[in-house]
Amino acid sequence: MLTAVAIAVDGLGFAAWLFLSSVGLTLIYGVMRILNIAHGGFYALGAYSSAWAIGLYTQTGSTIALTYLIIPLAALAVGVIAGLLIERGILRFMYGRDEVLMVLVTYAIFLILEDVTKLIWGTGSMVAYQPAYFLGTIEIFGIPYTIYKLCLVGLAIVVGAVLWWGLNRTRIGKLLLVVIEDREISRALGINVTLFFTVTFVIGVTLGALGGAVTAPQISVVPGIGAEIIVMAFAVIVIGGMGSIGGAIIGAIFVGFARALSVHLYPPAELFSIYLVMAVVLAFKPYGLFSLAEGRKI
Amino acid sequence: MRSQLDRTEKLLIVGLPILIALGFILPEWIVNYIQVSLGTGLVALGVMIQMRAGLVSFGQGLYFCIGGYAAGMAGKFLGISDIFLLLACGLIASVTIAFAAGFLLRRYREIFFAMLSLALSMILFGLLSKLEMLGSTDGFNLPSATYLGWAPEGDTAKHALYVATCIPTIICAFLLNRYLRSPMGYIGEALRENEIRLEYLGTSAHRAVHIKYVIAAGVSGIGGVLWALALGHVDPEMTNWTTSGQFVFISILSGTGNIVAPLFGTFILEIVRVYAVELSPNTWQMILGTLMLLTIIFLPRGLWSLIQEKKHAKKSGGEK
Amino acid sequence: MFLLLVGMLFAMFISSTEKSRKKLFIIFSMKTTYSEEELIMQNNTQVLSKRTSIWLAILAVSSVAATFSTQAVADDKEVKLGIVTFLSGGAAGPFGIPARNAAELMVESINAGTVPAPYSAKGLAGAMVTPIYVDEASKQKVADYKKLVQKDSVDAIVGYISSGSCKAIAPVAEEEKKLTVLFDCGTPQIFEDIVTEPKYVFRTAAHATMDNVAAAKYVLDTHPDAKSIAGINQNYAWGQDSWRDFSASMAVLKTDVTTTTEQFPKIYAGQYGSEISALLTKKSDIVHSSFWGGDMEALVIQGGGRSLFKRSQVVLTAGETAIEGLGAQMPDGTIIGARGPNGPLAPDNALNDWFQKAYSDRYGSSPTYPSYHMAQAILGVKAAMDKAGSTDQEAVIAALKGSTFESPSGTVSMALSDGHQAIQETAYGTYKFDKETGKSTLVNIKRYAANCVNPPEGTKSIDWIKSGFKGADCK
C-alpha cells in the first residue's frame, strides 16, 4: 500500500517534470517541423538564469515568496532574447531545408549554447534551493514530499490547459492549427506564416527555459544538464506522438510511471525503463499514441 | 550491374595504396586519427547509405558497439586475436541482430525510424552498463591483433594494424558503391522520393529497407571491430546516443553525394576538433558548432559538394 | 595552425560562393516561403571557380606541412606536461575545472619557485614547465593521447578522471613508452587486471577501495548498532564498484547487517524523487552514496527537503566537493568523505596551508579533492624529477617507482603494484555547519592508516575485503 501510494505520487511528480521539460519541444516540432536539439540548451539557459536571479534576489534578504515570480520571468527573458536571436538570426535562413539538416543546425546551436552558458556563468555549480524549501513538506502515508514538487504538478496542468485553450479556443490558435495542417495553403489564405513561426519558436523556447527554471531549485545547476534532457524529452514526445500536446502529456505519464515503478519494484531496470517503454509503444503504435494522420502525397 | 569502374571506384583503387603509403610517411599521431576515422567513417557510411533512402538512423552506434563488443568478447572469452576471425565475429553478430531487428524497424520512416533505432541502441547501452562481467561502463580491453598466426610487435604491429584497417575499409566502400549503383541501391533513392509509387512498381519497400538496414549494420559492425582494435578498448559509450548522433552529423556534414565523403568527413571533423581543443580547450564546442553552422549555410550539400560541383562544372564545360 | 585552418575554411566558403553572390543574397533576404526555398535549392548547383579546388589542395598540403613543422624539438630547459581533465560535460564543473585550476596554480608556482619546502627549487629539475591542456571529454581519447606524445612531444602526461579513460589509456601508455601519471581515477583494476606489470604508468592517488572500506569502518565506529544499509549509487562502474566494496566491507565487519534496497539511478539523472521515496519507505539505518558533483548536490537538496538525512544516517563518500557550496543546506550529521585526506580532512602541514591559501586567493574558493589529487600528481612528478636531477624519462621513472613524497594531503607512498600505485592514509568526518561564522566544518574526524584501508601488495582489492581484510595493519 505504502509503495503503491509512493509510486503514484512519484510517478505523477516525475511526469509533471517531464511534461514541463518536453512540451516546448513538441510545440516547435508540431508547428515548424524542427526537431530542436537546442531545446536542451534552452533548458540549461532557463535553469542557469533562474538560479542566478534567485541567488541575486535572496542575497537582498527579502521574502522568498517573490522568487515564484522570478522563475517564470527568467524563463520568459530567455525565451524572448534567445528565441528571437536564434530564430531571426539563424533559423529563418534555413526554413525549407531538409528536416535532418535542421537537426544538425539545432545541434550546432546547442554546442554553441553549451559554451555560452559556461562563458556567462562559469563551470561551478549553482544552487538556488530557497523556493523548493520555502513551501515546506507534506507527509503522505508517512513519506514527506516537498510541496514545491506537488506545485509543479499543478503548474504542468495549468501549462497544458493554457496551451490547449490557446490552440483550440482562440482565433490565433486556430490559425496556428491551420499552419500545422498545411503551410502552403495557409500562406495562400493570407496567413503570415513567418510571424507564426517566430512566435511559436519564442513560446517553445520559453517553455523549454521554464522547464529548466522550475527545476533549478531542486537540483544543482551544472554544465551538461542540457544534454541530459534532450533524449528524455525526445522519448516523451515520440511515445505520445510528435507534435501533439496531448501526446506529450500521455508520454510524460507513461515514462513517469514506468520509472517510478522500476525504482520501487526493480531498481536495476531504471536505466533503460524509458527506452523500453518507447520501444514497446512504437512496436504497437508505430507513430506514437497520439499521432496525427498525415495525408500522403502520391 | 555495370562492370565498368566508375570514377569513385577508380579513386578507391588508386586511393588504397596512397592511403597505406601515407601510413608510413605521415607522423604517427595523424596516422592514428586516420585510422580511427576509418573505423568511425565506416559507421558514418552505414548511416549515409540509409540516409540515401531517407532513413536517419539515430542508433547506428548499436551496431558499432555490437561489432566492437563481439570482437572484444571473442578475444576475452575465446582467446581469439586473429583479425579475420574478429572481423567475422563482428560482422556476423551485427548482421544477425540487424536481421532480427529489421523486421520491426522496416515498418518505420522518418523521425520514428530515428527514434526507434535510438531506443534499441539505448537499451543495449543500459544492459552493458549493468554487466559487471563486461566491465560495466568502463568497458574492457582487447588483445593485440594477430594475422593468421603472425603476431607482430612494436612499430610493425602498428603498421600492420593500419594496413589491416585500410584494406577492409576500402573494400567496404567499394562494395557499397557497387550496391548504391545496383538496382537495389536505386530502389533506396526511389524510396526516399516516393514510397507509394515504388510499391506501385511492384517492389516491396519493406524488403528494400530491411536489406539496406542489414547492410548498414554489417558495415557498422566492421567499423566497430576496426575502431575497437585501433583503440584496444571498448565501452558502452559506443552505443550511447551521443555517439550515434555524431555519425549522423558526420554524414550530413560531409554530404551523401559520394561514398568517400563520410570517410573524409570523419577525418576532417576529427582534425578540426583536435585543433579547436588545442586552440581553446575550454570553448572548443563553440568553435565546432560555429563551423558546422557555416558549413550548413554555405555548403548545404556537405563538404563533398565542393569537389562534386567542380566536377559538374568540368562536365558541362566539356559538353559545350 | 588552427587559425590557418579556420581561415582557409572561410576562404573556401567565400570562393565557393563568389559566383553565386546573387543567390546568396536571395537566400538571406528571402521570405520564408517553402516552395521558393526549394526552388533555390534546386538551382543551387552553382558553377564554381577553379579557385575552390586550389583552395582545397592548399588546405590539404598545408595541413600536412603544418603537422610536420609543429614537431617541435624539445628544449633543454623546458619540460612539457600534457594535462588531461574534463573541460566540458557534466564532470567538468565538480572535477575537471578544479583539477585544471590546481594544475595551473602548481605549474606557475613551480616555475616561480614559490612552493614551500621540500619543493622550493624552481622548475622540474631546473626545467621550466609548459603545460598543454586537453579535454578528456572526447571520443578519441587514445588518439588524443598519442597526439600529445608524438606531436606535442610531452615529457610526461598527468591526467584522467574517469576510470574508463584510465582503463583505455594505461595499456597505450605502456605501448607508447611514455611516463603517464593517472591522478584521479578510482578503479583498482588498472594495476590489478589491465596493466599487471607497469613500467610507465603510475597512479599517485589511492584507488577507490580505500574510500569505501574506510567509509564502512567509520560508520561502524560512529554507529556500532547499525542494522540495515541501503545504497543509492549512479548506474555505472564507479557507482557499482563503490557500492560493492562498501556493502562487502559492512558484511565482513558486522555480519548481521542487512541490505534493504540498492538504487542505481542513471548518471546525471538529476531527479531523485522516486529513489528518495524508495529509500524512505525502507527506513534503513545507513544510506550509502558515492554520488559526486551535481548529482550529489541534487540528492542533498532533494533528500534534505524530505527528511531523508534525518531518518537515516547518510554517508557521502565523495561529499566534500559540495560542502562549501551548499553550506547550511547540507544537513548536519552527514558523514562526508573526500577520496583521501583532502580538503577539510587534510592534515596540518605547511604544504597544505600554502596550497589552501594560494588556491583560494586565486580562484575564490577552497580547493576540493580533485584539486588535491592534481597537486599530488604534479608534486609526485616534481619529487621524482628533482630526485633524478633530470627530466630524462628512465631516470624519472626509477626515481618515482616505490618512492615516498610529501603532498598537501600528507605522505604518499608508491607502495603497491611494484611501486606504481600510491597508498595514503584516509579520513572521514561528520558535517557540521557553524551558523555563526557561516563556515562548513567537519567534526569527529577519524583517520585510518594507509595499511589499514589498502590491500597489501599482490592481493586484489575485492578478494582482500572478502578475506576479512587479511594483512591489514590497523594498530
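Letters are used for the chains, namely A, B and C, taken in the order the chains are written, and counting of residues starts over at 1 for each.
Methods note: a residue touches a chain if its C-beta (ideal position, glycine included) is under 8 Å from a C-beta of that chain, and two chains touch if they have at least 3 such contacts.
Source: prediction; values computed, not measured.
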Other chains in touch with both subunit A and subunit C: B
Centrality ranking, top chain (CA atoms only): C
Comparison of B-C and A-B (more C-beta pairs in contact): B-C
Whole-Å gap between the CA centroids of subunit B and subunit C: 31
Interface hub residues of subunit C, defined as touching at least two other chains: 41, 88, 235
Subunit B: positions in contact with at least two other chains: 129-130, 282, 285, 300
Shared interface positions of subunit A, touching two or more other chains: 93, 97, 114-115, 118, 227, 268, 271
Residues on subunit B engaged by subunit A in the complex (per definition of touch): 51, 56, 104, 107-108, 110-112, 115-116, 118-120, 122-123, 125-127, 129-130, 194, 196-197, 241-242, 245, 248-249, 252-253, 282-283, 285-286, 288-290, 292-293, 296-297, 300
Partner subunit A, residues of subunit C touching it in the complex: 27-28, 30-38, 41, 88-94, 96-97, 235, 261-266, 268-271, 273-275, 277-278, 280-281, 293-294, 296-298, 301-302, 305-307, 322, 325-326, 329, 365
Of all residues in subunit C, those that touch subunit B in their complex: 1-3, 5-6, 9-10, 12-13, 16-17, 41, 44-48, 50, 52-53, 56, 63-64, 67-68, 71, 87-88, 132-135, 138-140, 142-144, 146-147, 149-151, 163-164, 167-168, 171-172, 187, 189, 194, 235-238, 240
Of all residues in subunit B, those that touch subunit C in their complex: 26-30, 32-33, 35-36, 40, 129-130, 132, 135-141, 230-233, 235, 237, 243, 246, 270-279, 281-282, 284-285, 287, 291, 294, 298-301, 306-307, 309-310, 312-313, 316
Touching residues on subunit A, where the partner in the complex is subunit C: 2-3, 6-7, 9-11, 13-14, 17, 92-93, 95-97, 114-115, 118, 123-125, 127, 129, 132-133, 137, 143-146, 148-149, 183-184, 187, 193-194, 197, 215, 217-225, 227-228, 259-260, 263-264, 267-268, 270-271
